[in-house]
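Two complexes follow with subunit A in common, the first pairing it with subunit B and the second with subunit C.
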Partner chain A sequence: MSTPKTTTITAPAESISAGAKRSPAAGKRNDALRFLPWVFLAPGLIIYSVVVVYPMLYSAYLSLFRWDGVAPKKVFVGIQNYVTLLTHNEVFWIALKNNAIWLVAALLVPTSIGLGLALVLNSRFRGSHIFRSIFYFPAVLSLAVVGLIWTWIYHPDLGLANQLLDALGLRVLKRNWLSDPQIAIYPVILAATWNAVGLPMLLFLAGLQTIPPELQEAAKVEGASPGQRFWHVTFPLLRETTLIVLAITSINALKAYDIIYAMTNGGPANRTQLLSTWMYFLTYNYNEVGLGTAIAVVLFSLTLIFAIPYIRMMTRKV
Partner chain B sequence: MKFPILRTLLTAATLIGIACSTPSALAQDTKPPVPSGNVTVSFWGIATQPWQVMIDDFQKTYPNIKIKWTKYSTDEVKQAVRVASAAGKLSDAWFNWGGSLASPYEDGGHARELTPALMTQYGVDKNIVPAALDLARHHGKLYGIPIWVRPMTIFYKKSLLDKFGIPEPKTFDDLEQACAKLKANGIIPFACGGKFSWMTMRTTDFLIEHFAGPALHDKLFAMEASYSSPEVVKAFTKLKEWVSKGYFNDGFISLDPNESLPLLFQDRAAMTFQGPWIEDQNIISSHQDPNNYVPIVAPSDQKPVRVSGFQEQVQFWSKSKPDQQKAALLFAAFMTTPEVAKRHVSEFGSPSAVVGVYPSPDHPITTTMVKWLQSGVQLYLPTDQALPQEVVNAFFQAQDSMILGSLTPEAACAQIQKAVEDYKASH
Partner chain C sequence: MSTGSTSVKWKEADPRKSVSPARRARHLRSAQVPIFYAALIVAAIIWLAPVITLVLTALKDAGDFAVHGAFSLPKSIRWENFSEAWQTGVGNYFWNSVIVTSIKVPVGILIESMAAFALTHLHFRWANQVFVYILVGLIVPMQMTLVPLTLLMNALNLIDTLTGLIILYIGFGVPFGVLVMRGYFRTLPPAIIEAARIDGCSWFRIFFRIALPLALPAVVSLCILDGVATWNEFILAQIFLRSDELRTLPLGLVQFSTQFSTQYDQLAAAVLISVAPIMLVFLLFQRYFVAGMGGAVK
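Up next, the complex of A and B:
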C-alpha cells in the first residue's frame, strides 16, 4: 500500500509581512471578501428563516395562548397548555407511549432487516440487482399509499390477512387488527416497517461496498468463521453507517404521521395517536391551537435529542 | 358561548314555500352586479362533489369569469380553510357545512355576512328554501348561500329484508326485531365505518333522539342540559348493547366509511346510516339498483318526527377584492337560480336547497327524502356540527371508548358532560 504524499506550502516571509502591512485598498477588498460567503448564503438563509425558523418560533409563541386558530383574539395563558398536557390530557401520554414503542421498533426491526438484506445482496449473484429493486420498491411509495394498501390487507371481513389465516386453518389467530385497542399500533408499525426497510438497506449496501475485500480475505485466511468475520470485521467497519442509519431512523420515527392518518386516523378511541397526529387533531380538528403547538414544542425537543448528535457527526466528517 | 343549534326545519311551511315558488323567484328587483373585466375566483370544494358541471355552465354564461376549483377531501377542506383563515389568505369562496364547523369563521369575521340587501340582490331570499336558510343562520345572520340539504338516516337493502321476510321497520321495536332476525340469519344488521367517529355518531344521535326526545336533545346541543342525564345514559347503554350483540360489522370502529359499504353491496350487511349522497357516489356509480336501497325515517318514536341532517353552503371571504367578491357571489347565486338548479339536478345532486327543484326520477332515494322534508319531517343537526369542536373531541373519545369497553356508559356520559362544563368555564 503506498503512502499518500503530503505537500506543505509555506508562504514566503516577505508576503507575510506584506499581508501584515496591507494597503487600505487591499484591506477594503479583503473586508468585502469576508462578507462574500454571507451574500451567497443569504437567499438560502432567508428562505430557511421564513419557512422553517419563523414558523417554529411562532408555534412556540402560540403554545402560550388559548386560541381556536380563527378568532382574532388569543388569550395568554403562560405555560398552562403544557401543564394541561402533562396533567389532564390522557391522549398525550398514550401518544408519547406509542412514539416510544414506534421508536424502539423502528430502531430494531427495519435496521436489522435492512442490514440482513444488504449483507445478502452485497454478494454478487445472478439477479441481485433485481432483488435490490424489489426490496427497495416499498420505500418509493408514499406512506399514505402504504397505509391504504395495508388498511385493505387488515380489513376485518374482506382483508388478505384474515382470509389468509382462514385459508391456512389458523382462525384462532384472526383479529380485528386495527380496531383492537391493545394491539392496533403494532399492525401499523408493521406496515411502516415494510416501507422503511429500503433506506437502511441502501445505506448499508453503500457502507459494505467501502470495506476493502482484502480485510475479509485476511480474516478468512486466519480461519475466522462467517459469524466472526461479521462481528469482528464487517460490523465495526460499518459503525459510521450504522450511526447514520440509526439517527435517520429515529428522526423519521418521531416524524411519523401520514401512515397513522391513513390507516387509523389515530383511533380506535385515540389509541394509535402519535404526538404528531395528536398535535394535528388538536390544532386543526378540535380548535385547540395552544395545546397542539405545545405538543409541537415537545416533539421538537425530543427530535433534537437525536438530531444534534447526528448533525455533529455529519459536520465533523466535513 | 352558546351555539344556537336546533333550528326547526323543513316543516309544512317549507312545503308551502316550495310548492308556492314559481319561476317568478327569478325576477329580482335588483340584478346582481357582474364584474366587467376578466376575473378569476378561487374556490375550495370537495373533490367528490359535482361542482364542475356548474362551473362549466357558469363560465359559459359569464365568459369573463373563471372559477378555479381546488379539490380537497372532506377533512382536508376543513384543514385548508382553518389554516388559510389563520394566515389571512382564504379562497374567495369555499364549501362549508354549518353549525360549529362554520361558526369560527363567522365569529372571526372571515366569512362575509349576507345582509338582507345582498340576499335580495342575489335572489337568496327568494331562491333558497326557508328551512335551509334557518339551518345556515348563525346568531340570526346568514354567512353563506345554502346549496344542498342533507338528511341522514337508516337505509335498508330491500332484497335482503324481503329474503328473510322482515317488514320495513316503522318503530324502534320493529328496528330491534329486524336486527335480531338479521343477526340470527348471519347477516350484519348495520354496516358502519367508525374510523372518523362521525359515522358511529349518527347512530348515537339517533339513540339520543329516541331516548331523550327532541326537547332534551335540543337542550343538550345548547349545552343547557346534562349529558349525564338518565336518558343519554340509556342511549349510550343501548349503543353498547347493539355492539355487544354484533349488530355492527366486526372491527367497524376503525373502518373507513367507504370500506363499510361493500358489505351492503355483497349482501353481508342489511342496513346502514347514511345520507342521500350515496345514491350517486356509491350506489349508481357501482351499478347497483338505487330502488334496492330504501331510506326510512329513522324510527325514534318521537314527535315531532325528526332525522339528523344539515345544510351545505358556499361561503365567501370577507377580505376578497371587490371584483372577486362580486364574482364569487354571482357564482353561488347562479347555482341557486331555480332554472339552473333544475337543469343540472341529475348531475349536481339533491336534495337541493333551491325552491321548486326536485330530484330526477332515476333518483328514488333523494326523491323519497325530499318527500319527507315536504311532508313535515324535521331535521336536527348532527352532534359534530351542533356542539363546539372542543366538546366534539370529548364526545367522540367517550363514544368510542365505551364501544371498546374501556368506559361504562355512565362514565362516557360523565366525560362528555365534563368537557361541556370545561368549555363553558373557558368561554
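Up next, the complex of A and C:
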C-alpha cells in the first residue's frame, strides 16, 4: 500500500485525493488518510475473507487429502481424489450430465421467456405493472418453497400435472414424474425455470428502458417489420444486458441445490444428483471429505468459466 | 402470441404513428387489443397456477384435498390449517427467520456501504483490486466453503446457534451488497463530498451524514433484495443449524414436509405463512427490486 506520488498540490484536490500528497504540513493528516480507506473496508473485508475466501482456499487444499472429516490425520493423496471421481464414481458423471442439461436449459428457456415478457411488458399499457409483478413473482420465492409447491403439482394421483393430462385426454402421458429415474431431472428443471424467469425479465426490462424510442420510430418509418426491428435495432442494443443475463443465469444454474433437496433429494437412485448435492452426500453422509471438496473445486472451476467475462464486464467501467 | 403482442406494444408506445404505412398496424389497434389482453391473462393464470394451487390447498381440509385434488375450490374454508401449522413449529421457525433477517440485513448493509464508500470516494490505489477480490464471492458456490466453515464454526462453538448463522450470512452478503452500493455511490457527484470536506467534516461524518442518506434509494433496494435472500436461504441453515427449535423457515418447511408428508393442507398453510411476508414486501416495494438489480448491473 504505497502512496502514489503527485507533485502539484491544489487546495481542493488535497481534500479529495486522500493519501496523495507529500507536503510536510499535511503530513500527519495524510498518514491518517492513508489508512482511512482500510478502516472503512475492514469490517466487510475481514468477515468476507474469513467466511468466504479462506474456506474456499482451504477446501481446495483439502481436496488433495483423503480424510473422513473427524480423524486427526489427513492422508495426502495428491490429485487422487480427482482421478477417483473421474474414473470410479459413476454418480459424479450422472451429476455432471445433469448439471450440463440444467445449464443448457437455463441458458435457453428462462432467458428467452424473460426476453419475450420484457418486450411485451416494456410499453406502458393499462395494467402492465400488474403483469410485470405477476410474472416476476415466482422469483422472490425460496427454492425450497418452489420445490415443495411443485412436488404437489407432480403428485402422481392428486397433482395438477396428471389431473391436467387426464382432463385433456392424454392419459398415456401421465407419469410418476419425480420417481421415474429416466425423466425425473426434467420436472425439477421445469420447476426451477418457473423461478428463474423473473430475473432475466427484470434485467431485460431495465435494458430496454435505455433504448431511445426514436430508433424504433426511425426503423418503422423506413418500413421495417416488427421482426426486423427486433433483430436489427432492439437486440443489438441489448447485447450487454444479454451477456449479463447469460452470465448470471449460468452462475445461478450451477448453484442449484435447495430445489433438489426439497423435491427429490437426489433420487431416485441418484438420478437427480447435481454436483452440489452429490458434494453434500459424499461429505456429510459418506464422510468422504476429500472427494466432496474435490467436487466443490470442479464446480467452482465450471462456474469460473462463465463468471470471468462477467467480472471483466463489471470492472471494465471503472 | 409474442409477435402479435409486441406489435401492439410498439403501437401503444407510439400513438402518433396511427397513420403508419405499415400494413398490419391499422387493424392491430382495434382488433388485437382484446386478444392481447386475453393472451396475457391466460398466460398469467397458467403462470400463477402453482400459487393458486397452494392457496386453495391451504384453505381446504385434507379430506377435500384427497377427493378433489388441489386445483378445485374448497368446499368450506378451513382457517384452522394456519393456526395448526403455526403451533406445530412453523411459528417458531417464523420468529427465527425474523430474528436472523432483522439483524443480518442492517448490519450487513452498514458494513457493505462503508466498504463501497471507500471503493468509490476514498481514492486509493488498490480500489480496483479489492473490488475484484470481493466480486469473486459472487460466484463461489457455497459447497466450496462448507467443510472448512464447519471446522471453523466448531472451533468457535458457533455450530447450532443463530449468532453463527448470522455471521455467515453477513460474510456471504458482502459481495452483492458492495456491488449494489458501489454502483450507487459512483453516481454521487464528488463535488458534494469535496464541499463537505472543505467545510471540515470528518470522513465518518461525511459517510453517515451525507453519503449514506443520499444513497437511501439504494439502501432501501438492498434492504429488500437482501431481506428476501436472507429469508429464503437454505443451505447454510441446513448445515449449521442442528436443533429443531432453531430452524429458520425454509429449512423448517422442508423438515415439516418430510414429517407430515400426507398433511398437505397444513403444509400448504405453512408454506403460505412463510411466503406471506415476502409477498407483502414485494407488493409494497416492487419498484425497488428493479432499482436494486439495475444498480447491480450498472
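The criterion applied here is as follows: the second predicted complex is superposed on the first by the 280 of 318 C-alpha atoms of A that agree within 3 Å, B and C clash if a C-alpha of one lies under 4 Å from a C-alpha of the other, contacts with A are read in each partner's own complex, and residues count from 1 in each chain.
Criterion: a residue touches a chain if its C-beta (ideal position, glycine included) is under 8 Å from a C-beta of that chain, and two chains touch if they have at least 3 such contacts.
Predicted model only: the values in this text are computed from it and were never measured.
Model built by superposing both complexes on subunit A: subunit B and subunit C clash. With both structures placed on the common chain, the touch criterion links A:P268 to subunit B but leaves subunit C unconnected. In the overlay built on the shared chain, the residue A:L119 is in contact with subunit C alone; subunit B does not reach it. When the two structures are aligned on the shared chain, A:N195 is found in touch with neither subunit B nor subunit C.
Within the superposed three-chain model, A:G69 lies in touch with subunit B and with subunit C [touch as defined at top]. Legend: residue contacts after superposition of the two complexes on their common chain; A:V91 is shown touching subunit B, with no touch to subunit C. In the superposed model, more residues of subunit A are touched by C than by the other of subunit B and subunit C. Judged by the touch definition given at the top, the superposed model places A:P43 against subunit C, while subunit B stays out of reach.
When the shared chain is aligned, subunit C comes close enough to touch A:T293, but subunit B does not. Once chain A of one complex is fitted onto chain A of the other, the partner contacts of A:L178 are limited to subunit B, with no touch recorded for subunit C. In the superposed pair of complexes, A:L158 makes contact with subunit B and with subunit C alike. For the contact definition in use here, the residues of subunit A common to its subunit B contact set and its subunit C contact set are 69, 151-152, 155, 157-158, 284, 289. Within the complex formed with subunit A, the residues of subunit C that make contact are 2-3, 5-10, 12-14, 17, 20-22, 37, 40, 44, 47-51, 53-54, 57, 65-66, 69-71, 111-112, 114-115, 117-119, 122-128, 130-150, 152, 167-168, 170-172, 174-175, 178-179, 190, 193-194, 197-198, 203, 207, 228, 231-235, 238-239, 249-251, 253-254, 257, 264, 267-268, 271, 274-275, 278-279, 282-283, 286, 289-290, 293-294, 297.
Looking at the complex, you find that subunit A touches subunit C at residues 1-4, 12, 15-20, 34, 36-38, 40-41, 43-45, 47-48, 50-56, 58-59, 62, 69, 116, 119-120, 122-125, 127, 131-138, 140-145, 147-153, 155, 157-160, 163, 194, 199, 202-203, 205-206, 213, 216-217, 220-221, 223, 225-227, 229-230, 241, 244, 251, 254-255, 257-258, 261-262, 275-276, 279-280, 283-284, 289, 292-293, 295-297, 299-300, 303-304, 307, 310-311, 314-315, 318. Across the interface of their complex, subunit A is touched by residues 75, 78-79, 82-83, 85-86, 104-105, 107-110, 194-197, 249-256, 259, 262-263, 268, 388-390, 392-393, 397, 400-401, 403-404, 406, 426 of subunit B. Those residues of subunit A whose C-beta lies close enough to touch subunit B in the complex are 66, 68-72, 91, 151-152, 155-158, 176-181, 184, 264-265, 267-271, 281-282, 284-289.
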